[in-house]
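The first chain written gets the first letter, and so on, giving A, B and C; residue counts start at 1 in each chain.
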Amino acid sequence: MAAISPARLLTRGQLWRRRGTKAAPYAFIAPFLVLFAAFGLFPLIYTGYVSLHRVRLQKPDAMTWVGFDNYTTLLQDEFFWNSLKNTFTIGVISTVPQLCLALGLAHLLNYKLRGRTFFRVAMLMPYATSVAAATLVFAGLFGRDYGMLNWFLGLFGVDPIDWFNDKWPSQIAISTIVTWRWTGYNALIYLAAMQAIPHDRYESAMLDGANRWRQFRHVTLPGLRPTIVFTIIVSTIGALQIFGEPLLLQGGTSGMNGGASRQYQTTGLYMYQSGWQYFSLGKAAAIAWLLFLLIALVVGVNAAVVRYRARKG
Amino acid sequence: MTGVSQRKRLRSHDKPGPVAYAILVVATLVSAFPFYWSIIAATHTNSEINEVPPPFLPGGHTDSFGKAADQANIGKALVNSTIVSGTVALGTVLACTLAGFAFAKLRFRGRGALLSFTVGTMMIPPQLGLIPLYMMMAKLHWANQLQSVILPTLVTAFGVFFMRQYLAEALPDELVEAGRVDGASYFRIFWSVVLPVARPAMAVLALLTFMSTWNDFFWPIIALSQDNPTVQVAINSLGGGHVPDQSVILAGTVLGTLPVLVVFGLLGRQIVGGIMQGAVKG
Amino acid sequence: MRTPNPRSRALAALCCAVLAGSVLTACGSDDDSDNGSGGPSGGGQVTLSVGLFGSFGFEEAGLYKEYEALHPNIKIKQNATQKEEVYWPALQTRLGGGGDLDDIQGVEVGRIVDVVSNQADKWLDLNTLGAQSQTSEYLDWKAKAATTKDGKVLGLGTDIGPMAICYRSDLFQQAGLPTDRNELAQRWSTWDGYLDVGRQFAAKAPKGSAYMDSVTGMYNAMIGQQQTFYYDASGKLIYDQNPSVKAAFDTAARAAQDGLSAKLVQFQTDWDQAFAKGGFATISCPSWMIGYIKEKAGDATKGKWDVAAAPGATGNWGGSYLAIPKGAKHAKEAYELLTWLTAKEQQAKLFEKRGSFPSRTGAISQVAGTTDAYFNNAPIGQIFSQAAQKMPVQTLGVRDNDVKVSIQNALNSVEAQGVKPDDAWKDAKASVKAALG
């Protein structure tokens, strides 16, 4: 990917244009950079500034400097740690099954299928819904007393499950919504990567007498590795930011609390509660920054592991 | 695209059995069921939904759609969401193609640093900037106006990254160089060389941006109110002030999701193709 | 990839068409709405917006239509949010950021002290528009709560929430309990009595029905009978040293442990559905709950509901104010609408149609004879009036609402998750600390 170097010999006109040439790249990125700085970057940095203050939502101009108090308080706050734990467990139970399912579906979609476009579009449909709409629909299905899922389980003699109040069921309910929305998307990404694996690798594997499963393990999976790493990183970032699903599952004050005993309150949700129910903007900003640092850390570790294994492999 | 011929060869030996079909059909049903259920629920009264066993076929109750449209201002919300998502998609594609081209093919001071910085910002939780963003909108007297939800999302780091990855591969250096030799300015080259090559990726980016903007809800809920809502704001406020009637709520989600589903029905194949293409490039 | 294949080209064209089309139609309709909205200059036509939460019932009772008929130059637009805890943060965000507000905004009683003590600069002093003549018509405490120390009136009261118990006489009958409202009122003249009846109900309860919807309702009813609860008169937070708060918590927790509740969270979908399904037989019933029950339970249970005096025959839960934010576009017209909506005639009408109990003394005497056919012709006017007369003058606090929500969540965790009451109380205290700290 070589970049273009300006021509050596320049006429006067070209010289004039060369000045334009030097400025041109900046002109190309300017619209992006200006908008991004104004509406992306500035708010971000300002949030960092806010996190060092005591400030209420109603009076954002009245700030009192408190240094790192918000951060130290948070590190001793049992609810903050609880939210991290929940973010972690919900993240795991929504990311792992999601990616495994996606891998399996991609494998099936890679067959010579009748109606393959139909299946692909069908898998991707949930991706087209919003968190708000999907969660509203699922919340109805998950209802304890009159929800359809419990009715269905009841046909098999299963006692009604409290999908909102019991810790694991509520976290599973949230993961189900996440998984439903994103599995198809990831399946398509895996499918694309599978199709990019050169066919001769399969052929030589077959010559070695490898059955389908061994082909999958020894040709498909290694071929998919970069893609799998990519989806793991993206899904992990998404999982660490989960907040809409738990907020809307029960809704109202229970929703902001992440359930009556915060059994499914994620860190993103705790930030929302601190800012928009408790009105402590400073604390909310501090949570946001801690969350950011955590994401950076996780992605960094991820990348390091990948690099290490790549060097070893 | 080198994959096509290999894809054909790969497929020829892999014929799926009935089990594969069965699993795919089940997966399709799971994908589709929530949509189907919202249509069932929207076309039955609230008490019918809660019957045991629940209804499995759409009913003839149509009041809920009217009520949802009325209570949640869905009509205006659809218009607003179209404006917002359309503008954002257009803006993102333009700004990000420009920047993506520069990052992919032009040499300038600070390029690497700027690019990695841009990509790095994708890790930032979007909620992070909300508070100052609102203060800013209020100072500009833009609160509750559509520009308050358009401008902050008008460019995305993802968009730049996406276009950069695409152009780095799809746009041969020689084409740009040839343009330079002919004495064309970079803007002329962009117009007559880059744009035609970038078009498929731009279309995909436009579609993805349109959908994600349509579905964005956290910031719009804060920035807009019910009298000037986007679809997600309207869905969120459904049942406002009245009985939170399941049938009405789901009728609202049906109305709000339908346009995206229509786009999906029409362009599903291209969207699928786009995501898969982007996946290989990324 | 040098030449785009025809398919992608077609796709691109289609996208451009879709986008261009959307922008064009969008622009067109934008113009339309601009012409239609009619600003203040448009021939004297004024559109007033009213921002509310929950169920004030103005629209349902036809009050807006009536007012528009009386004032042809006024159009009223309501922005209603179902949940107060969604409504209030959004309003606060706009207040803080200086965003657009409605001409009239509803304020729940749990927030009024915050408004009076911390936000006096954000709301219009209604005295400047002539509210002096209004406040004297109110129950003294109701008006005082919305008045600042230096005498600014920041809101006028709509309703108050005198307490009773609403119950399903058909379910009581099936459980072999008396159904007469006077007899029941006597048996549950105390909260212990209420729980005794509950245990009898539970012993023979019809399938799928619990005694009460949620112990949080009962808790709020008990708190509503106290003079001081979360804050003392000096504004100090005392909820964790106040024996009556702990007693109410313990009683409610005991009811939860005895399995007397349907373990529902109030104002959530499952709770809504349980009204129609007969999921519970009693509910602590502030007068505004009357309107909720009718809407949620529907015609199927008409006549099966009844109302009896609550244990202690008094208490207050909820009630609201209407206020005008500074910078409202049509303050004068908004004030006229506000005083009309809260005038005694309208308050009386709202009680008859919706059950929202008046806060103006003139209206209270007007509704004393009201009965309600939906509730088996119960003399709701009399029951709620008596509750209102005995109502204590409550000491409200700045963050009452946050304390209440924290304790409610803790009680929900006891009833629905089996958390030990002691642990739940600790959780509640920690939550209050997180909220206020």
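Methods note: contacts are C-beta pairs under 8 Å (C-beta built on N, C-alpha and C of every residue); 3 or more make two chains touch, one makes a residue touch a chain.
For clarity, every value in this text was computed on a predicted model and none was experimentally measured.
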Original post:
For the protein chains shown, what form does their contact graph take: line, ring, star, complete or other?
Top reply: complete
Original post:
Given the two chain pairs B-C and A-B, which is bridged by the higher number of C-beta pairs in contact?
Top reply: A-B
Subject >> Length of the line joining the C-alpha centres of chain B and chain C, rounded to whole Å >> reply: 37
Original post:
For chain A and chain B, what's the span in angstrom between their mean Cα positions?
Top reply: 15
**OP:** Mark out which residues of chain C touch at least two other chains, giving numbers and ranges.
**Re:** 93, 96-97, 269, 273, 277
Original post:
Mind pulling the chain A residues that touch 2 or more other chains?
Top reply: 57, 60, 140, 146
Subject >> Sites on chain B at which at least two other chains make contact >> reply: 50, 135, 246, 263
Subject >> Residue ranges of chain A in contact with chain B within the complex >> reply: 1-7, 14, 17, 20-22, 24-26, 28-29, 31-33, 35-36, 38-44, 46-47, 50, 57, 60, 104-105, 108-113, 117, 119-134, 136-138, 140-141, 146, 148, 151, 180, 184-185, 188-189, 191-193, 195-196, 198-199, 202, 227, 230, 237, 240-241, 243-244, 248, 268, 271-272, 275, 281, 284-285, 288-289, 291-292, 295-296, 299
**OP:** Using the touch definition up top, name the residues of chain A that touch chain C in the complex.
**Re:** 56-60, 73, 77-79, 139-140, 143-146, 162, 164-167, 250-254, 256-257, 260-261, 263, 274, 276-280
Subject >> Touch list for chain B against partner chain C, complex >> reply: 1, 46-47, 50, 76, 79, 82-83, 85-87, 89-90, 134-135, 137-139, 143-144, 169-170, 172, 196-197, 199-200, 202-203, 206-207, 210, 221-222, 225-227, 237, 239-244, 246, 263, 266-267, 270, 273
Subject >> Partner chain A, residues of chain B touching it in the complex >> reply: 3, 6-7, 9-12, 14-16, 20-21, 23-24, 27-28, 30-32, 34-35, 37-38, 41, 49-50, 52-54, 94-96, 98-99, 101-108, 111, 114, 118, 121-133, 135-136, 151-155, 157, 160, 168, 173, 176-177, 180-181, 183, 185-187, 190, 211, 214-218, 231-232, 235-236, 246, 249-250, 253, 256-257, 260-261, 263-264, 268-269, 271-272, 275-277, 279-280, 282
Subject >> chain A contact footprint on chain C (complex, rising order) >> reply: 83, 85-86, 89, 92-93, 95-97, 118-119, 122, 262-263, 265, 267-270, 273-274, 277, 279, 402, 405, 408-410, 412-413, 416-417, 419, 424, 427, 430-431, 434-437
